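The structures come next, written out as structure tokens.
Same chain, two partners: chain A is paired with chain B first, then with chain C.
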Partner chain A sequence: MLSFVFRRLAVAIPTLLILVILSFVLMYSAPGGPFNSERPLPPEVLANIEAKYGLDQPFWKQIVNYVIGVVTQFDFGPSFQYKDRSVNDVIAQGFPVTLTYGFWSFVVAVSVGVSLGVAAAIKQNTWLDYLAVGVSIGAQVLPNFVMAPILLLVFTLWLGWLPGGGWEGGQWNYLIMPVIALSTSYMASIARITRSSMLEVLNTNFIRTARAKGLPMRRVIWRHAMKPAILPVLSYLGPAFVGMITGSVIIDVFFSTGGIGQFFVNSAFNRDYSVIMGITILVGALTILFNLLVDILYAWIDPKIRY
Partner chain B sequence: MLPNKAAVEGVGDAMQLAEVKGRSLWADARTRFFRNKAAVASLVMLALVAGFALFGGTIAQYENDFVDFSLIGSNAYLGVPSVDTGHYFGTDSNGRDLFARTVQGTGISLMVGVVGALVAVIVGTLYGAAAGYYGGRIDGIMMRTVDVLMSIPFMFVLILMLVIFGRSIFMLFLGIGLISWLDMARIARGQTLTIKNKEFVEVAVATGVHPIKIILRHIVPNLLGIVIVYATLLVPNMIIFESFISFLGLGVQEPATSLGALINEGSRTMQFGYHWQIAFPLFFFVVTIFAFFFVGDGLRDALDPKDR
Partner chain C sequence: MTLKTKLLATTSAFLIASTGALYADGHATHPETGETLASDQTFTYRVGDESPSIDPGLVEDTDGADVVRDLFEGLYNQDAEGNLVPGVALSHEASDDGLVYTFTLRDNAKWSNGDPVTAGDFVYAWQRAASPELASPYSWYVELMSIENGAAVIAGDIDPSELGVTAVDDTTLEVRLSQPLPYFAQMVTHGTTFPVHQATVEEYGSDWVLPENMVSNGAYVLTEFVPQEKLVRERNPMYWDNENTILDTVTKLVVLDENVALTRYLAGEMDRTIVPAGQFPRLSEEFPDQAVSVPRACSYYYMFNLRDAAPEELQNADVRKALSLAVDRDIIVENVLAGGQEPAYTFTHWATAGFETPDIPMASMTQADRNAMAQELLAGAGYGPDNPLSIDLVYNTNESHKAVAIAISQMWKQTLGVETTLANQEWQTFLEARGNGDFDVARGGWCADYNEASTFLDLMQSESGYNDSKYVNAEVDGLLAEAKTSDNPQANYDRVEEFIAQDTPIIPIYHYASVYMYAETLEGWPYENFEQNWYSKDLYRIAE
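Let's turn to the complex of A and B:
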């Protein structure tokens, strides 16, 4: 098991390095520096500023410094637009928000999706099954940027139940719409995957044996069917995580929740390269870490995997 | 219970028929597909949407970038959808004809989806087939590369690229092309691994056919079924992807537009009562995505040998 983890790490770390280098090269090759504005600065001032941000050094030195800073101190450097803030400050401000509603969205998507899928599989071809299938097909064409306006229209503008945006320290009524908007389409996918894999498992011989020896259905499901049925869901969690963290950009922009997505898009319009890079790398690191966790969990649950 | 005699004879007749006239895999798949009502209905819907995108411009009474200044300030009651004014879908918040813009947006969204799927089909299939066919170390390196690329959050890298190299439709296509082939490569490789052990490939190898020719002539045609299915399912994902970026305002730039950009504009003005500005683009978006998913599902049922 330990060697398996190490082998996965051996892939994960170069991946992360590639991401860091890729984004740095992209930034470096950008036409025009971050301080080229419509009103040209005097060359001495520009030289001073570039010296302060280390932009006057040769390319290889810049990239080595950047990578060392990121790897050893989690230091993404100063923001190019906000003079008084570093990228770390921006992340520290936005990340807890993203993490909060992201966590809840993930919990909702997985728990509701799995229970809906299992219920639909057990009660196959009943109204419950049709409802679950219908909901999951419907929800699949409602990605977060479609869900968000619809929710806002219904709950804020027509019913007036929920505030239309803001964060207020994460109170539940500010949390509810971001979570629903972010989790719906993933919940639908998880429900579909769970349903089909559960149906497949329920038709296998060992389940028939368990039923034949007189185990109650509840116990068969929980004890025997759940573990193999959950495996396809596990392998979907990686892509779902990427999708949600990407979707958080929409949520932040649409509901003004103030997560990292909002900073990301603002920086994209302001050409604040260091913030964009910092967030990209952070998200990449999270994704890689999460995929690693899923892989380990998968290897732990699935006895067929050799490691 | 004994099977009744007529049914048995019917089976016998059918078997004779089958001897007389063989059915190809594709004819088989076609009958299966056309038996699926939802898929056929979706195909018709898709044809209608495509027709709307292609020929809607001829019905539109206004150019898509024509600003109707007479409507400024009175959009709420003069810009409503109406046949009399020629603004069939009303006007957008800048006084432009929403019908013409929806036509254009649908067209661009469809184009993005199709281009993404095409890249996936060409690059992904060849890459996956090559990796699977050569196997060994080449396969290892090629598929690890795919793994590495897959674990990068591409939306963020793409936005970084859009910022650095400027926002243009070309960058958007490039970005979509960069990611769309990854899944397809995996699927094609998995299929190739089973195909390459079949006798006909062995014969080709034994008679000294060049590996590239084997891949192109013997492996790729056998991948076609599954490739078509996943390409169809990829199109809506690419449309969603593009709409996502355009929703943020980073994708297609004015005066061009896409469904994502239109939904974004509509979502900003819906609180003032201009519901049509979000309703029409949203309708076309949802219908298109729905139809592609159903057609893809139908094709999968028709072509995927696993479910037979």
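Let's turn to the complex of A and C:
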């Protein structure tokens, strides 16, 4: 097991390096640049700026300097767009926000999604099943960019219960709408996966045996059916968790949360190279990390899996 | 000099008016208007994106400039009509040759930490703004002000200390220009010329703009700054005119989506937000006291590609003129945009100071006549139903630009049988394509840098870096060059606009309006200030 973890971590380093190089090349091949604007800067002004940010260096040297800065000092450089901030500042400010609403969205999506899925599977073809399936299909087809403005309309404008946006350090009333908007479609997917995998497990021989022994249904479900039924859900949860905590531009745009998703998308439009790279590396590293965690959890839950 | 007299007169009016006002009391009244003031003196407004910087030396966008004007104070401020009023400077005198300006500063201006604001602070700030070390994208402004050695300092050829600005003593600032500039005094209301506190900047580096570090000299101090979420500023007790400041707290909220912002405005969460395209008629009917449209110093136009490599049909001025005639501007402003914009037949915005819109023949024709003339011109050029003209039209991705492009392509189709292919491009890609001449017809929008017609018309200069049409006309160049030193340049501007109408390098489409919702209790907004330079210290809330 330990050697598996080390092997995976060893592979992660070249993976990240390839990610960095690919992103660098793609970024630089996009038209425009961080200091292009409708009013082109006078050449001497542009020269000063490029010298300040090292953009006057040859391409390979920029990559090398960048990687050295990141590896040796964990320094992702200054933001080209937000001149009062460095990339580390941007991430330090935006990531905790995203992490907070992403984490709570994950908790809501998993708890509600799994419960709905299990309930639907146990009571298959009853009104409860239809309701659960109906809710999850509804949640799935309602994209968050439709949901967000509807939530705003209802809870902020009509009812006046919740603030329409902002973060204020993550107070609960600022969290509710972002969490609902972000969690619903994940919740729907989790409910559907749980339901179908639970149904499959409930029809297997070992469950039939357990029930024939006279074990109560509750014990059968929680003790015996849950573990195998949760495996397909787990493989979905790894990427889903990364997706939630690394930000949703929709949430940031509609609720002005100031999370990392908005910085990421803006940086692409502004050609803010250093912010693009910083967030790409962050998301890449988290994806690798959580895929690894899921694999470890797999082995822990399913004794058949050995690395 | 007249300006000096005017400034002194304004100052004394100010002092007389400000006696006996009490703001702490909920029943206080406004010293000039006598309106009852609200006890809650806060103002919350929406912007669409975070500003690149709020450092006066680096500030480059209008939202950032709004913040900088509250936090810092330059030599002069503007009043509600855009006239100069004293800031840190009380008055100035220009030498007879117009090359030396001497500003007299007030002796009671203070930084938020209690230090006096001196002429030396301005010298430091201006040298810093021009220095290659700061590498400000707005350093060219120092050059634009024609300050002696400005260009050489920016280019790094000489030390910033050689810049033509000197502190004669603490309250006397001397500026030497490389050429006379009639509107020099107007230029010192821009953030780039505002003072910064040297000790603070040197101690904290780029972190000096954080709320815990910043020392500023404006009517407000920075108390909270969370990028992409909000920025809060509160009244500065050290400000020399603090007793006449009414608003206590000003909050800028970053809300990207215009419709979300409108929802939050209607829920009472903010006092000012932009009206999304097309919603002005409904909102002005429902909230007549809140929806306001005022002219905004920008012109919307389409440009033709006149490079040799561009399609041959567009090299024919008759074809271009036909396409311009066939655009029904009234439909665009009334039905597509519906926000109080004005149809444009000249490039210069109609509300530009000192500019009188010349009589362009097209402007007084009916659309039916224009269409008839357009058909005739196009037929004369050899295009018609048998030989239809086809054009590629490119614009940057935006719902409103798309709506305008669709409407115009339909007008061309119906009136002239022209086949238009529409293409939208992401902003940076669009700028590159347009700059490289990779288009037939492209969208353009130009906003005034200063309130004078040359800010628009200089784009028509053959060598202008912003002339993406690559329109070349030696006569236009001559007229514009002459206008720079002329006492009455209007005649030259008329001629240039006539050339634009005749040669049609561009199709002026409409003149922008700025359409906002303002809370009913918010007063003092400078609607009449064409540049929309507002100062929170001049705003106040009346009791409901």
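Assume the second predicted complex is superposed on the first by the 272 of 307 C-alpha atoms of A that agree within 3 Å, B and C clash if a C-alpha of one lies under 4 Å from a C-alpha of the other, contacts with A are read in each partner's own complex, and residues count from 1 in each chain.
By our rule, a residue touches a chain if its C-beta (ideal position, glycine included) is under 8 Å from a C-beta of that chain, and two chains touch if they have at least 3 such contacts.
Every value quoted in this text rests on a predicted model; they were computed, and no experiment measured them.
K.L.:
Please indicate which partner A:R271 is in contact with in the superposed arrangement: first for chain B, second for chain C, both, or neither.
P.N.:
both
K.L.:
Please indicate which partner A:I68 is in contact with in the superposed arrangement: first for chain B, second for chain C, both, or neither.
P.N.:
A:I68: touches no partner chain.
K.L.:
Once chain A of both complexes is superposed, is A:I301 in touch with chain B (first), chain C (second), both, or neither?
P.N.:
In the superposition, A:I301 touches no partner, neither chain B nor chain C.
K.L.:
Please indicate which partner A:D252 is in contact with in the superposed arrangement: first for chain B, second for chain C, both, or neither.
P.N.:
The answer is second: A:D252 touches chain C but not chain B.
K.L.:
Where does A:L157 make contact in the superposed view: on chain B (first), on chain C (second), on both, or on neither?
P.N.:
In the superposition, A:L157 touches chain B and chain C alike.
K.L.:
Looking at A:T280, would you say it contacts chain B, chain C, both, or neither? Reply first, second, both or neither.
P.N.:
Touch partner of A:T280: chain B, not chain C.
K.L.:
Applying the touch criterion given at the start, work out whether A:I288 contacts chain B, chain C, both or neither, answering first, second, both or neither.
P.N.:
first
K.L.:
Can A:I137 be said to touch chain B (first), chain C (second), both, or neither?
P.N.:
first
K.L.:
When the two structures are overlaid on chain A, which partner does A:V107 contact: first (chain B), second (chain C), both, or neither?
P.N.:
Once the two structures are laid over each other on A, A:V107 reaches no partner at all.
K.L.:
Both chain B and chain C contact which residues of chain A?
P.N.:
After superposing on chain A, chain A residues 30-31, 148-149, 152-153, 157, 164, 253-254, 269, 271 contact both chain B and chain C.
K.L.:
With touch defined as at the start, can you tell me which chain B residues reach chain A in the complex?
P.N.:
The contact residues of chain B facing chain A are 144, 147-148, 151-153, 155-157, 159-165, 236, 240, 243-244, 247-250, 260, 263-264, 266-267, 270-271, 275, 278, 282, 285-286, 289-290, 293.
K.L.:
Going by the contact rule at the top, pick out the chain C residues touching chain A in the complex.
P.N.:
Residues 49-50, 52-55, 58, 132-133, 135-137, 139-140, 143, 151, 154-156, 206-207, 209-210, 226-230, 253-257, 259-260, 263-264, 266-267, 269, 426-429, 431-433, 435, 465-466.
K.L.:
Flag every residue of chain A that touches chain B in the complex, lowest number first.
P.N.:
These residues of chain A touch chain B: 11-12, 14-15, 18-19, 22-23, 26-27, 29-31, 137, 140-143, 145-146, 148-149, 152-153, 157, 164, 238, 242, 245-246, 249-250, 253-254, 264-265, 268-269, 271, 273, 276-277, 279-280, 283-284, 287-288, 291.
K.L.:
For the complex, give me every residue of chain A touching chain C.
P.N.:
Listed in rising order, the residues of chain A that touch chain C are 30-33, 35-42, 44-45, 48-49, 51-52, 78, 81-85, 90, 93-94, 148-149, 152-153, 156-157, 160, 163-167, 252-254, 256-258, 262-263, 266, 269, 271.
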